[in-house]
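In the part that follows, the structures are each spelled out as structure tokens.
Shared between the two complexes below is chain A, which pairs with chain B and chain C, respectively.
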Partner chain A sequence: MTAEVNDPRLSIAAGGSASFRPLLEWLARRAEPVAIGLVAILIGLALFSLFILAVGKSPVTLFQLMYTGGFGSWFSIQNSLSRAAPLLLTALCVALPARLGLVIIGAEGAVVLGGVAAAASAMPFIGVVPPIMLFVFMGVAAMVVGGIWIGFAGFLRHYRGVNETISSLLLAYIAIALMNQFVEGLLRDPASLNKPSTKPLPKDYMLGQIPGMDVHWGLVIGVVACILSWVLIEITSFGFAARIAGGNVRAAQIQGLPVGKLIVGFTAIAGGFAGLAGMIEVAAVQGSANASLAAGYGYTGILVAFLARHNPLAIIPVAILLGGISASGGLIQRRMGLPDATVLVLQGTLFIVILFCETFYGRFKIFNPDLWKRS
Partner chain B sequence: MEDTGIGLWGVPLAIFAGAIRVSTPFIFVSLGETITERSGRINLGLEGTLVFGAMTAYAVAVMTGSPTLGVLAAMATGAIFGTIHGWICKWPKVNDIAIGIAMMQFGLGLAFFLGKSFIQPVAPKLPSIPLGGWSAVPQVQAALNINVLFFIGAALALFLWWAFRNTRIGLTLRVVGDSTDAARAMGISPDRVRLLATAAGGSLAAIGGAYLSLYYPGSWNEGISSGQGLMAVALVIFARWNPIGCFLAALLFGGAGALGPALQSVGVTQGYYLFYAAPYVLTLIILIATSSPTRSLAGAPGALSLTK
Partner chain C sequence: MTKLLPMNRRNFLQASAAGLAAGTVPGLFGSQAMAQTALTVGFIYVGPKDDYGYNQAHAEGAAVIKKMPGITLVEEENVPETVDVQKTMESMINLDGATLLFPTSFGYFDPHMLAMAAKYPKIQFRHCGGLWTEGKHPANTGSYFGYIGQGQYLNGIAAGYATKSKKIGFVAAKPIPQVVQNINSFLLGARSVDPTITCQVIFTGEWSLAVKEAEATNALIDQGADVITCHVDSPKVVVETAAGRGAFVCGYHANQSALAKDKYLTGAEWAWGNVYTNFIKTAQSGGKLGNFVRGGLKDGFVKMSPLGPAVSAEGRKKFEATLAEIMSGKFSVFKGPIKDNKGNVVVTASTAFAEDAIELESMGYLVEGVVGSTS
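Up next is the complex of A and B:
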């Protein structure tokens, strides 16, 4: 009976106590993305090591530094967590539309405009309302603007047939131009000479640190957003409908699902999260809106979402991992004399290998209980 | 600005000159993407290929003193990037759009990594042909000082237009692009044709990058491209996968891109950044105007995932 089953453990379970079988089936299905993901990361790291060897440096030293700089001490862990906060939100901006089959890559646009909206909406209320109210105003303004921005790409996709990948990226370029225009024109603080910025938030109106940690509240907001997104997709009927539409648009339409509303709604929520990332950058890190908002969080978020296979809960560890990698960039630059783009090369390599490894899904019998021999 | 007596005429002249100067990378990237998309694949990674081509061309020109060698080296690296994309995409369940995004990030990262030491040195520039000798006005002379690559791009557009219809290779490419099954039935290997088409597309996109670093703006830095590689993908849709359409659309985009600097040169500084956004806004408007949710686009290759 074990002829078709490759793994001896499975044959024992399949032939033995039947009560273990559902558990094993559940484990096997859950294990597939984890196993393939880990193998992909290992292949990516191996290729990257070859590259580092080719430029005459030691990959071992590099990975050690990467660990030290990202997770080696409490200080570096806090640094990684701070960097992970915006990635959680920008990754959601990619992952939520992806559940509907859309590839949105313009989160950067929602981040910068969200930041500008947050800074602009704060101005009239500083000193008028308590800080917590101000954060609510800023957050709402950022989410509305970000939501409109990415929701527009979703709208164009459904109602005009415009490819959302290209339109969202064009919108990101337009958003950066708009941000520059606002920051250097209408909203510019005359006191900001070298680096045009909006008027800085007073110290007591800054989004502070989580008690006991040197990490700002953005991390908590990001984690909560991921959990809410998971609930939205996996538990609510809205998310269920979205998953059906993502699997097969025509089938969803035949079922009478409001595909257009789903697409616009999901892209708007996604953009809202990215906008919130911009608000956090302004309220917790920069203190004002300026060109530093376009720091590439939107683009790294794409990688995080694909690595997490668009699962909002998986985004949390992946974002922390990538936050750690980017946190170690400075250390690698100083200690090894490698350019700051080293991290980008690693990210690009991992990204390509992970997408390539999609081809392995469904190829291994061990992960597919339907192919196991029934006892 | 020095007053030479042509006053506001400087604006249309600057837009004309800018259209020619700025359009050249668009011409090469969009022609390359046309070849790739005609085979039924989409390569969104051309932005990375373009920037890597710009870096390679600049580095090779610095080291050998020959800009021509720089362009050839860029073409070689572009072909390698295209080959990687084409090879990965032949596997089942691999999404060509997502791989394109990954290749873009990889190409940008690698170009910044390897190009770090070439930001300082000065490379020899690509030659241009002075066609304005008949005029005594320096601006006219400057505007008609046109780079050889522009003419090569124009000739290439004509050639590709002809080749898609009249050559065996062109017909093979179109069969593969319109129906994978029909191509297989004819004994053509769709994967191999697409791999070669993506490699050719990458190689042309890299020429666009070489133009950026070796002619206009003529230096290598990390902000060398402002999304030309991606806008060219949108431009190909607008041009309906027609090489001559690509050439004309590239000129239009070049003109839009030259609007900001042209207005700035005559002293218009208000809304400078908004003029900078003109090419992106134009691209988006054109995409909206030419797309439709109900029918597939006229002239679109049948096997293209982009338009499904």
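Up next is the complex of A and C:
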């Protein structure tokens, strides 16, 4: 009660700034992740510059090239966006379970099996249904298979006590082996001699490009999925319950929350998104399922999710940034003669510095309005 | 509505992107207009350039043409067979001004290179390993490959003289025609020395999977094989593991003698330097690049590593005699009667396939004496 009385008095004492105070508080809280993130990126780039100097190249040239290759022209921007598209969905596969306190790193498995499921489910319907219906069938099949795959890791975690990080990683290897088995056996197109693949989709049945852009529809699907996931976590009661369970499982159980269902449900949704990424690879890029599906999108997604601090909306800019880094990697190789691993060193450095900077949260008074009042 | 300008939004954006690129890359347009002999050539590799294998063989070929006058070489390694390779090709075209591209991995062909060839009809694309077909594939594309099976046959001769246990081993990636033909050629070469020799084959299932390759090599040696060869992207692990265990080694893709020292008998290597030099000479003289370019040992597409010290005088004699016969163009590895390892006759007594016979391109059987199965 006293607090309620105190508040207006404080505002009166503060005089003219009274109306700005809530806005400032809101800004301060929002500014913390942005400021710490930017500082972390700057520290990471500084460390990376030392590395570049150590191999006798100019960091300035390198950063200029990274800008040119990633964002310096309309072509470069489209290049970055194309590379970001699959990362949006695979990052969600890591971020959603992370809100429940689970570390799932096996999105790759859901991607490849989602791709195989999409290709297999398309086969009987080509020429029978219109393309848009076919995409729905493929998407549903991919999401169901991906969801079962990652949901199984969640199931093992809750009901059998198996560590979800290990099980999801091992399931990814099984998934790739299964994909090879299907693609080289049951589903193989006999015409694919030296690169076993499923029967390719006809041209009219390919998911095309976004009008006016040289980027496929996967980008839009990914952005929509990120926004839906944000709504799911931040606005719905299902997401609220998940966040409670992520904070403290015991407390959630005492409150009567269905923790088991939450874990299996969230991991299944997460796997569904990764499976959808596999479907998009098949429908928009490859045209068939084959070993190229295991391109590491599932693993890069882990990096994106952690950099975005498992916030689905933050995944969008982070994925585009990583897409840009990857797009500029080629230019760095070609112009500076640096090996491909250069970009990996940069990604690794950023990853470690950003994780390290997590310890800065809550340490600066400026970002914490509750502490302002006392001073 | 009449169209006033032949420029829609997409054209406009592309034109402005090109303008931006020209601004950031001074000299790009100058070099294009300078002379007919000036040529920017792009090479794309699926793995590292120094893998002692498939990619190194191509990079060595690229290094040969780099020294030719008027050539600007741009290279990119570790490019996955996804939308990434499409964007890498476009980036080389748009940002570096490349007009001739060599995407060297098999999986780059369909759909990636074909999509880019349709989009950039003025750029020339030549792909390693694909089966370019007139009427089916664009005229600005083509494929080149070498008949390296004869090289594996010569490897087999060296192995046949070196083996004491009469068991030789083959570490293979995937049961596809190119690999299967190498396995069969290797054993047929060994059996031309001693018809009791058998060859155990292990498929790892992946093009590059170091752990499994090491396990497979150890397993083969544990079962008594004392000469090992392989067909994986990077033979480094197989060669070092086998030599470390005291087995003899026959190389593949590139020269691995530095890795196995005196255990290295010989090796079947690509001679891409010759192939690329011919392409560049044709391009610089304004001629038409071939669309379907193939050749073997006698055409300079393939070469053998120098014989190692462990090859006996007798072995050397037979090796050189067979090589001379191959160079004369009268030799065929697959000469009937040949049975597969299930007892079926696969090449009848009256048949002898030349190295370019189309029947060999879809080989799915393992010949008698090969211990293993393709499925």
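One rule holds for everything that comes next: the second predicted complex is superposed on the first by the 357 of 375 C-alpha atoms of A that agree within 3 Å, B and C clash if a C-alpha of one lies under 4 Å from a C-alpha of the other, contacts with A are read in each partner's own complex, and residues count from 1 in each chain.
We adopt the following convention: contacts are C-beta pairs under 8 Å (C-beta built on N, C-alpha and C of every residue); 3 or more make two chains touch, one makes a residue touch a chain.
Just so you know, these numbers come straight off a predicted model, no measurement behind them.
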Simultaneous placement of chain C and chain B on chain A, clash or fit: clash
Contacts of A:N180 with chain B and chain C, given as first, second, both or neither: both
A:N290 touches, of chain B and chain C: first, second, both or neither? second
Chain B versus chain C as contact partner of A:S237, first or second or both or neither: neither
Touching partner for A:S19 - first (chain B), second (chain C), both, neither: neither
Touching partner for A:P339 - first (chain B), second (chain C), both, neither: both
Touching partner for A:G72 - first (chain B), second (chain C), both, neither: second
Touched chain A residues, chain B compared with chain C: B
Of the stretches 199-207, 217-225 or 235-243 belonging to chain B, the one that collides with chain C: 217-225
Set intersection of chain A contacts, chain C complex versus chain B complex: 177, 180, 184-185, 339-340
Touching residues on chain A, where the partner in the complex is chain B: 103, 105, 156, 158-163, 165-167, 169-171, 173-174, 177-178, 180-181, 184-185, 299, 302-303, 306, 338-349, 351-352, 354-356, 358-359, 361-362
Residues of chain B that touch chain A when the two form their complex: 44, 84, 88, 91-95, 97-99, 101-103, 105-110, 112-113, 116, 226-227, 230-231, 233-234, 237, 271-274, 276-277, 280-281, 283-284, 287-288, 291-294, 306-307
Parts of chain C lying in touch with chain A, wherever the complex brings them together: 9-10, 13-14, 16-18, 20-21, 24-25, 48-49, 74-84, 87-88, 90-92, 94-96, 106-107, 110-111, 129, 131, 174-178, 205-207, 361-362, 375
Residues on chain A engaged by chain C in the complex (per definition of touch): 68-69, 72-76, 79, 82-83, 177, 180, 184-185, 193-196, 200, 212, 216, 281, 285-287, 290-292, 295-296, 326-327, 330-331, 333-334, 339-340
